[in-house]
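Some structures to go through are shown next.
The two complexes that follow have chain A in common; it is paired with chain B in the first and with chain C in the second.
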Partner chain A sequence: MIVLDGLCRSFGGRPVVRNVSFSVGPGEVVGCLGPNGAGKTTTMRLLLGLLRPSGGSACLGGPAGYLPEVFAAYDGLSVRAYLRFVARMKRLPAATVERALDAAQVREIADRPVGRLSKGQRQRVGLAQAVLGEPPVLVLDEPTIGLDPAQVVEARALVRASADAGAAVLVSTHLLAEAAAMCDRVVVLVGGAVVAEERPGDAADLEARFLRLVATAELT
Partner chain B sequence: MTLAVLRKELAVLWSSSLPYVVGAAFQAVLGVLAVNQLEVRGQAVIQPLFPIAGFLLLFTLPVLTMRSFAEEARTGTLDLLLAIPVAPRPLVVGKWLAAWLSSLVVLAPAALVAGLLAMWGDPDPGPAVSGFLGLSLLAAALAGVGVLASACTSSQPVAAMAGVFAVLVLWFAHAGTATVEAGGLVAALSLSERLRTFAGGAIDTADVAYFATVAAACLGAAALAVDLRRWR
Partner chain C sequence: MSDLVSYVILGLSRGLIIGLLALGLVLIYKGTRILNLAQPFFGLLGAFLCWWLTVEARFLPFTAGSRPRFAVAAVLALVLVGLNGWSLERTLFRKLRRAPRLVTLVASIAIAQGTLGIVTLLFNRNADQAEQVRIIPTVLRTNFVIGDLGVTGGDVQAFLLVPLIAAAAAIFFRVTRFGVAVRAAAENGESARLLGISVDRVAVFTWVVGSVLAGIAGILLSAQQGVLTATTLSVGFLVRALAAALIGGLTSLPGALAGGLIVGVAEAVIGGYFPSTIGLPETVFFAAVIIVLVFRPHGLFGTPEATEDKVAFVPSIRDLPAKLRESEFVPVLRRGSLLTVVVFAVAVSLASGSATNGILVNVVVYSMVAVSLTVLMGYTGVISLGHWALVGVGAFATANLYTKHHVPFALTVPLVVLIGVWLSVLLGLPALRIRGLYLAIITLAFGYAAELYLFKSDSLAEGQTGISIVPPKLGPVNLDDPSNRPLFMVGIVMLLSSIWVARNLARSGTGRSFFALRENEKAAATLGVGLTQAKLVAFGISGGIAALAGVLHSLNIGNVNSVEYPAFTSIILVSMVMIGGLGSLTGPILGAFLVFGLPFLVKFDNQWIVPLGTGALLLVVIVEAPGGVAGLLRAVQRRVLGRLVDIAEREERPDPEVPPPGAQPDLVT
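Here is the complex of A and B:
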């Protein structure tokens, strides 16, 4: 369960997140959409406690798996060693590492140093560390960035499987087709505020509504 | 959790070329200066080695510690750890332990000098033992300062420079204090004066406590600095 209640954050007096409230229930995938600078990443960082809110509150119903917009690991470690380190930090048994390797389909690169992986492979390692231990909450910032089309489909399946297993999943994305394919609900942020919260519908319909919402919000 | 951070830090640090380059440079400069001291003095004594090694550690430790938090903050790996959430304290202590142990590895070949002196002369073993203990404690304090500097910035060069500047101030804290009122108090903060006691063959618990206090204070401040990142 994820609950954001009147969340606010300012930087240098400039409001970046304004009174954001929504929730994500267990088994639900909610997409956080918005143009660049809409406050999506800041909202996620507030949710995870990486930033303190200026007002309001955010509540997670358990430990969260997090994939940042730009994922980085330790170049000198192998994928398996890195995931073992994350497992120790999360106080998880070593067996969870093997499950995460399979879930994110990175077993074939498990013994390669992270520094020698392609961008797409690194992103899959990022997904692996996020789903490590099957957390009840997943916060994924642009999870399919850098993935090829087949890997995008696999990543969507992984997100869906996590939700089907009971996780509350919040996904930020610029790709409306992805939101339409993956999300049960979308929250549209413009200028740091929620301007719509609805079911995504099909991709073309979502695109038309999104553009209309952004244009209207920017005019007001 | 501290142990896991320590193991990760050692694996990451020693998989890079940094400690090897730093260690080679440290030993090369130390070797040249130590041999020069032996030639000038014409005596098989180890005491002159310690202030030289101590001074070189002022530059070695900040370089070894500069990436500890700064690099993690720059790349975003620190955010992943804080989102878990991992408390700052085990992170800080694990990174400090890794830097300290690494500095001991860098320092270890200098012990060969003691062995060589024992082959050629009959040096007093007391100062050798206390001197290396003093260097180890100095390294612990310097690692603390370096980790603190790294925790305060996302730039490795800035962390290294801030660390070097801070430890240079502490090293030379005694300079000119004889002419100043309450100069004795300031001089008591001098790292070089504290190391001098060890190099002379004495182990003073006050000096041990001083180095431990510097390290502990810096680690406490570093944990606070990591926590304060959330308030930015």
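Here is the complex of A and C:
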């Protein structure tokens, strides 16, 4: 599970994340929504320990798999070699690689160098390294970006399956339809603060609520 | 047994040590993206420490000079060198993790100068120490002869130890988890961080191991050469190690070793077959490095570097506030201070004797080089580590044309400038394909090849003796005047005209295109800046000014000789410009005065104080005041202008609290 408690961070005196608290339980998929610059990526980096918070704390219930916003791999390695390397660094058994290849559906491109892949294929490799070893915590920054519609459905299924296997999943996205289809709960960030935490409902409804939330939050 | 075989064996044993040095260089480069120009000096430090602990130290067990004593000493020396690398990473290079490459390169120059200063201070302070014969004992004392080649224990040590180290490194980097992590962090720090690899730990590791490798290379080399002097490991080995690293690919560890072997064997074979041509191997390295970089930029074994970091760096000196910038005092102050400096310099020259004037002429020479470097490095961001060689070319061209071929002096000067422009453009041609640090290495190799080949060739330099030059009489001005005063005055005129050229260049469209490509080549190209043309123009103007400085220098030294133009000076020139404040014209001139004038004027020019002081000053500038002297000057200018504008405003508008004089009679009535 993931617990954020009063997390704060400012860059050069400018607060970017303000007192963010929420939690993601095991088996739950929580969406992190918000306009550009709302602090979604910063929140994720804070809770993974890639940035030091100015205040508050974050707690992860185990090792985390992370798909960064810009996923940079070692372009010279093949997909399989890259995943083996990740497994080595995370001290996971080599057998997890084969499971991840299937889970993220990258088996057919397993022997191609990462540098030669298309954007969508690359993104799936990123997903594969995140779900490697079935970690109890998954943090995915825009996981479906660059995927074609069929792949989006598959990625969604992968996220759902991970949660059903007991993982706590935090997903950030701009696509409200995406959030409506995938998440059990959404947390809306505006200007670095949580302005709403609720069930996504259906996509059209979510969109209306989201726009209203952002408009009111920006007014105040 | 043919000659070739013996040359190859000789070359291999030397090449293994060059390879070891290159291995450390590449390791640090991979781990931190810092090209450590101090690498051979770490080796020098290691060798000297090892020698001192073996022969001089009283507190160690075993008899001094014995083999067990050497073993203890070698381990201790390597620990000390490793500690040195560790502390440098922790205190300095960690702060510069995100700095542009030029800054880290200059920081490594500072460390190189500082290390050389420390070695000189500890072991080479005075004549007694300089004449001391230092011998590091070899562990193996086997001596045998293959054909007519004597193979010593020193050679055998290299043959045994270096492959062992290489094998250990190969196993470490291929098999162990941390070894793989180091490679991963080297290739992509951010990705590695996501996997929980500590970039800090990797950086510390590479600095420690890289330093220790340099130390081993230093000890092995001095055992192989028999004696150890302060010049055992210097720019020569830096150029060889860099050539090896580039030929092998700057990012390939096995490539570094292979490159070392190629360089070692090539040098031995070329030197063996052409023993009479001095400097031929160095010239071949220079050519080989250019050819490799033009046709295979990632070397024979390396992979292309994915990330192109920012190399260029110009400190942002805070501009004056808008209110002050518009003030009419700005040009007044500028012209006033220029006039004051010139008048002061002339007064000092008139008041002092020929020795001081000689030093002052030198300061003018270095100031002109500073202007020349500002055009190239400050305006276009191209790093040159070979500018002193361009000055040398100017000096040798003057000597040849004026002394040997009796060309009138008035014609010699423009011809020399043209030669400087032409050669510099030629040197700039590789810059069209090769960028950043790689180009810096080419210019360093050029400086070294020029020192050893061009400036020692029979046709250009009369071999080693050099060419004497008698300064001419220009109408009423006798440049041969023993007081050196007329020479200084003419130098001032030359300096002012080069400043005038550089200043107007910066304000012209061409100058603006320089700034554009310095900040971002691709963006500049989309704005229609012709990169080729702009770079070559920068090289040309810079080379012309450097050659003009060479004219003045040749007249000052009287005998133009290769000894005057060592490659290392080019590296100090970069420190000088940095201390002065890169990108500014006035700052670097004061930098020239600080580095090349002040220590000599106050007779505090020990061999160690200049490199140590320059290195320390450079570090202070890098870490604390990137604007250098120019930044400090700007602060002064700001305060003075602020005060002047305040006073002017107070005088212009009458004080509102005092009633105007015309109103007073009314009050009385």
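Before moving on, here are some points about what is shown:
Basically, the second predicted complex is superposed on the first by the 220 of 220 C-alpha atoms of A that agree within 3 Å, B and C clash if a C-alpha of one lies under 4 Å from a C-alpha of the other, contacts with A are read in each partner's own complex, and residues count from 1 in each chain.
Here is the rule we use: contacts are C-beta pairs under 8 Å (C-beta built on N, C-alpha and C of every residue); 3 or more make two chains touch, one makes a residue touch a chain.
These figures come from a predicted structure and were not determined experimentally.
Annotation: superposed three-chain arrangement on chain A; chain B versus chain C shows a clash.
Shared-chain residue A:52: touches chain B; no touch with chain C.
Contacts of A:89 after superposition: both chain B and chain C are touched.
When chain B and chain C are set side by side, the one touching more residues of chain A is B.
In the overlay built on the shared chain, the residue A:72 is in contact with chain B and with chain C. Judged by the touch definition given at the top, the superposed model places A:64 against chain B, while chain C stays out of reach.
For chain C, the stretch among 80-88, 368-376 or 638-646 that collides with chain B in the superposed model is 80-88. According to the touch criterion, the shared surface of chain A, contacted by chain B in one complex and chain C in the other, consists of residues 50, 66, 68, 72-76, 85-86, 88-91.
Every residue of chain C that touches chain A in the complex is listed here, in rising order: 177, 180-181, 184, 187-188, 190-197, 303, 306. Touching chain A in their complex are the following residues of chain B: 1, 4-5, 7-8, 11-12, 15-16, 75-77, 79-86, 229-232.
Residues 45, 48-52, 63-64, 66, 68, 70-77, 81, 85-86, 88-91, 113, 129, 139 of chain A are the ones touching chain B in the complex. Taken together, the chain A residues at the contact with chain C in this complex read 50, 66, 68, 72-76, 85-86, 88-91.
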